[in-house]
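After this come two complexes, each holding chain A, first together with chain B and then together with chain C.
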Partner chain A sequence: MGRYLRRKITIYILTFFVAVTLDWMIPRFMPGNPILILVSRFTGLPQSAKVMYSYLVKAFGLDEPLWKQYLNFWIAFLKGDLGVSIYMYPKPVVDILKQAVPYDVALLLPSITLSWIVGNKLGAVAARTKKLDSIVLPIFYILTATPYLWLGILLAWFLGVVLGLFPIAGAYSFSTVPSFSLDFILDFLGHWILPFLSLFIVMLGGWAIGMRNMIIYELEADYVKYLESLGASQQLIRKYAFRNAVLPQVTGLALQLGTIVAGALTTEIIFSYPGIGYILLEAILHEDYFLIQGCFLFIILGVLLANFFIDIIYVIIDPRIRYSYGGEI
Partner chain B sequence: MKKLAFFVVLILVISVLIFPAVRFKRSETLYAGGGMWAPPSNWNPITPWNAVTGTVGLIYETLYLYDPLKDEMVPWLVEKGEWEGPNVFKIVLRKGLTWSDGKPLTAEDVKFTFELSKKIPEIYYSPLWNWIDRIEMLDERTLVFKFSEARYHEWLYNLYQIPILPKHIWEKKSKDEILNGTNEGAIGSGAYLFETYDQDRMVYLRNENWWATKLLGLKPAPKRIVYLRVLSNNVALGMIMKGELDISNFFLPGVPNLKKYYDIHTWFKDPPYMLSDNTAFLFLNTIKKPMDDPKFRRALAFAIDVEKIVRTVFERQVLPSNPLGFLPIDSWMKYYDEKVVEKYGFKFDPETAKKLLDEAGYKDVDGDGYREAPDGSKIHLKIIVPYGWTDWMESIKIIADNFRKIGLNVEAKFPDFGKYWEDLTSGKFDMAINNFGSQLSSTPWTLYNWLFNPEISEYMYNGNFERYKNDELFDLIKKFNLTPMDKTNEAKSIISKIEEIFLKEMPAIPLWYNGLWFQASKSAWTNWPSENNPYAYPCTWGGRWQMGGLMMLTKLKPAK
Partner chain C sequence: MEAISTRRELLFFALRNKKMRVGISIFTFFVVLAIVGPHLTGYDPLDYVGPGYHPPCREFWLGTTTFGQDVFTQLVYGLRASFFVGLLGGGIATIIGLIVGFFAGYRGGMIDEILMMMTNVMLVIPTLALLIIIAAYLPYRGILIESVIIGLTAWPWTARAVRAQTLSLKTREFVDLARISGMNSIRIIAEEIAPNMMSYIFMVFILQFGGAILSAVGLDFIGLGPTRGISIGIMMQQAVLWNAIQLGMWWWAIPPGLAITLIVGSLYFMNTGLDEVFNPKLREM
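For the complex of A and B:
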């Protein structure tokens, strides 16, 4: 176990280092001058803009040689400072992420995990009989191929405007302030349900198809044939098959969870829901090096952490891995 | 285990039930939008272009307000201000001014605000000190500004631009905090307080101890202003139709159509529905061939069908510009020289355009259907506007088409805003539309200062993108600036010469007046300003609160 962990950790740290370096480099390949864009919002007298420009270039350290900027980036990062955003000047990047990420997590964590659980169950059920399978599988294909954008608009229009059941914009009503009260929680949930559904329904299709394929594959395995010949009940066989089939799904879940912070951009736009996705888009359009770096850093960390976490879980749930690594447990 | 879970749930439920909810009363809250595009993150009046709209105007105030509809400077923090000599301006502040934290606002604060930019030259209004000699405080309410060179027009503009800062708070800030701070929880003298904010909204709370309530009997009607940000204009449209948005300064598509079915309030009942706010110019890069030839530039002016753009792209919500690009406001139009425009102006006439190009030597010599330059070189030009600005995108498609009809090979292109701005400011573009500095103001000097910024450098941050150099013109503009406001005849004769040069040289072609997009819902608030009730300029954009937005708030009435 120890050797396993050590190898994994080394690989992850190396990957992190390379990924972050790329993350730092890429925004700087964009043509254009971010400080100019910042100064463009200035509607004062032209003479003053010149003063601001030279000051801002120095303040952001963009007049230093590239290798120095790279070094400064690492030094600041290790101190927990991701720099100051140009697009949302002068807000520090860390603050922007702190405020936006909770909304993404609140939206995507439930939708990914719930769609995973429900999707897997449905996929397993679909694999029971051929008749059921042929009815339900096309539905899953339709669901997974549905664009989030389209389903979101459909839900907003039908449930929000025609039936008037749910609000269609914002994270919570414009007439209230966050508080730990029933009214606010209900209000928040009311605003949350439509974006959640638009993600949940689509993702569920994908998981269901994957699970259904895995179950069918497992049901061809030797141990299943052996159990059948021993006269085991269908239920028992299905239970064992499920456990084996779920392993690749766990990997898939890990990857999906890691990209939580990339946000569901189109959902955010349709429902005017706050989150990292839209901020990242605006950061790219405004050539905000530091905010882009910060957002992608979060994604890199998220993906690597989720992967690492799942690697550990794998050791626990799949005995074959344990034994192949020298079985210390 | 089950018992523990039960207790935890019970405690959660109880706490949820006892915490009070906060709901803003509809009749006390104004929902506004159209001036906030990024999540609110900055309330620093030193960087007003980056601060949340309302920072200057609602929280911080200026010495004067300016009413563009009446062309009147309204003494605001100042009780009276006057020129005591050609280079001496004296102001007397009102008695009883207070900051929202209770401390009095005195001449010390005003002096501190101006002198801050002397101490910290990175502040945007530090160039003032090139022509202010010193500021003397005569007593708690009286300040005398002594100028080494009195720039009357520029001074007039600054009187309603510079927000007055509380000395007792800002003298304690470090240089970094002053220049880069977010200034969250800003404390000013204004009608509203900083209450709270989130990713998509800014909430202002009425200052019940506002000095103007006591001294001038003014009280803004909404107790709260929730300034919201939506990610697409269609959401704003839906909200105003449902009555969830009271005032929108968004550009909403299809307003003329909607007015037939929904009672949406606009300034004018009929086209153009909107007031004119700034002039859109087509900038021609005068350092590139053939735009360096004034005859070529003038010919272009005759070729553009602005009427068509106004009609089809803007659905008549804007007005075509006059040949000088002067907004239809008194402060500018009083300097409009009809004779000069009649002699040297232009109008849409493609035949004249073709004639001018022929006379200037631009003929199609190789028979490819497009004209070449007099020296035979091919002409292939691009007009740029930022991608996503759909009304401008459609406009330049029409303009490019107009130019092709007179035999010029011109294409419309739509780079991302970053690239557009880079090309425009670095002088790499051919032709581009821009309007960032042509807003209405108390003097057309601001327009000419922007169009003909004399400091031409590698990057033109703000103005004179066309890099037009004309020392005679720059001198005239400076002379105009140095002419006292009351010497109108002298000013007129100077500006007529400027106008003449502008029309003869045509380095930037005025196209149309972008509108003050203003739509209002009468479901919660009434008595909105309109052509029949023009008591204020209904704008909530940054930099315009002190030009009417604030006054509008004091006259609104809840709908009942």
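For the complex of A and C:
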């Protein structure tokens, strides 16, 4: 088990290294001078353009040799310094992102876990009979083909505007102040439900299809034939098939994280939900490069941590990994 | 002779398969719409041609935007862009995935270790995040560049899947025979292994095609798509930015995403349908 985790951690450290390097490299090796592009927006204000230019040259450290720039980037990064936002000057990028992260967690954690659990159950039920399968499978396929952002638009328009059931912008009403009162929590949940649903529903389809296919595959396996010949009940056989089918679904969760995060980014934009996706849009619209870089690093860090967490869960639920890597019985 | 008859047999099963028929019909409908559509409307997608806020009518089939642009015209031009990205972006991703997967699987050893390490690293980095950071620094972006960037970042899962398939084919007798007869690796991959995976490769391409379309929609939506012209993602971005949802302008906000959902859905249908066609075992299900 230790060897398995060590191998995984090596990949994560390497990924992180590559990600930070890319983050450093891209503005420097892109065609055109990033600083000139940034400063060009101050053409009407020659005085501030000058100040901006010297600040940016210093911030990028462009007057130093390349290897030293790279080293400085890492040192600053490890100190938690991601630069200063241009659009929300003089707020440090790290502070802006720290405020956004709780909203992302509040949205992603429940939607991913719930859709995974419900999707797996639905998929297992669909694999039970051909009739049910032929009805629900097309629905699952349509769901998984839906862009997150479009479902967000659809829900906002129908449930938010036409029926007027839920608010469609922000994380809470302007009139309320964040606190642990019942009023605020209800207000927060009202704002949270639509973005949550758009993520939950789209993901649901994918998990259900995966589980359905895995169960059908598992029912062909030798152990199922053996159980059948022993006269085991269908219920028992399905229970074993489900357990075996869950494992690839856990791996699937790790593989899907990137897509899910991308979906969450666009969903937050639809509902003006103040997570990293919304900040990223603001950063892009205002060409705030430090903030864009910071968002990128935060997203990567989050995905890496989640991957690591899933790996640990995998070791816990699959005894074979524990045995094959650790030798313990 | 035999090749022709098996091809005919596959075609027979393909056309008899319900999922295939539904998938192909929807897909063809949108391809035709993308080809013919721009000739049906006399407008330019960005021209201001009529009154703003106008719901669908005989003159403007899908209504107009806040500024009086024709939504139908934007949609059909946007579809062209989507198919272009799917074809090119999906194509590039499939080709890179195939090359990496074949070599890692067939050569094994150190090459496999390095290529798979690379693949695993790319797999963890969210594609959209990488696209954002690249696109953000390109001041002028066209749809061509967008497709290339999507293609260059979407290959990892294909590489892993192709590698697994290659590993299982590699140990078969006909590959051994080719190796004994002195063929080099590239020829063995191209002439012995790849033809045996043709159906699988085609299915991978279909999925990459759909994936590239979805990536482009996301990228365009956050404002990192083509800096000029129109696309489905840009339409949705404009609709959201100008409060089409709050104003109840469903004809502007809903149809672009609906078209994408149907196109990608039809691709998934074709994919499962093909799976059943190529895999007789699944046909009975």
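As a convention for this text, the second predicted complex is superposed on the first by the 260 of 329 C-alpha atoms of A that agree within 3 Å, B and C clash if a C-alpha of one lies under 4 Å from a C-alpha of the other, contacts with A are read in each partner's own complex, and residues count from 1 in each chain.
FYI, contacts are C-beta pairs under 8 Å (C-beta built on N, C-alpha and C of every residue); 3 or more make two chains touch, one makes a residue touch a chain.
No experiment lies behind these values; they were computed from the predicted model shown.
Residue contacts after overlaying the shared chain place A:P90 against chain B, while chain C stays out of touching range. Residue contacts after overlaying the shared chain place A:S181 against chain B, while chain C stays out of touching range. Of the two partner chains placed by superposition, only chain B is touched by A:Y278; chain C is not.
Once the two complexes are laid over each other on the shared chain, residue contacts for A:I269 go to chain B and to chain C alike. When the two complexes are overlaid on their common chain A, residue A:I316 makes contact with neither chain B nor chain C.
By the touch criterion stated above, A:H286 is placed in contact with chain B alone, chain C being left untouched. Of the two partner chains placed by superposition, A:I9 touches none, neither chain B nor chain C.
Once chain A of one complex is fitted onto chain A of the other, the partner contacts of A:I139 are absent, as it touches neither chain B nor chain C.
In the superposition on chain A, A:Q99 makes contact with chain B only, while chain C stays out of contact range.
Comparing the two complexes, residues 30-32, 34, 37, 161, 168, 269, 285, 287 of chain A contact chain B in one case and chain C in the other. Touching chain C in their complex are the following residues of chain A: 11-12, 14-15, 18-19, 22-23, 26-27, 30-32, 34, 37, 130, 138, 141-142, 144-147, 149-151, 153-154, 156-157, 160-162, 168, 216, 255, 257-259, 261-263, 265-266, 269-270, 280-281, 284-285, 287, 289, 292-293, 295-296, 299-300, 303-304, 307.
Put simply, chain B touches chain A in their complex at residues 15-17, 19-24, 26, 29, 31, 38-39, 41-42, 44, 47-50, 121-127, 154, 161, 179-182, 196, 198-201, 203, 226, 228, 230-232, 235, 238-239, 244, 416-419, 421-422, 425, 436-437, 439, 449-450, 453, 455, 457, 459-464, 542-543.
Every residue of chain C that touches chain A in the complex is listed here, in rising order: 22, 117, 120-121, 123-130, 132-134, 136-139, 157, 210, 214-215, 217-218, 221-224, 236, 239-240, 245-246, 248, 250, 253-254, 256-258, 260-262, 264-265, 267-269, 272, 285.
Across the interface of their complex, chain B is touched by residues 30-34, 36-53, 55, 59, 84-85, 87-91, 95-96, 99-100, 103, 161, 168-171, 174-185, 268-269, 272, 274, 278-279, 282, 285-287 of chain A.
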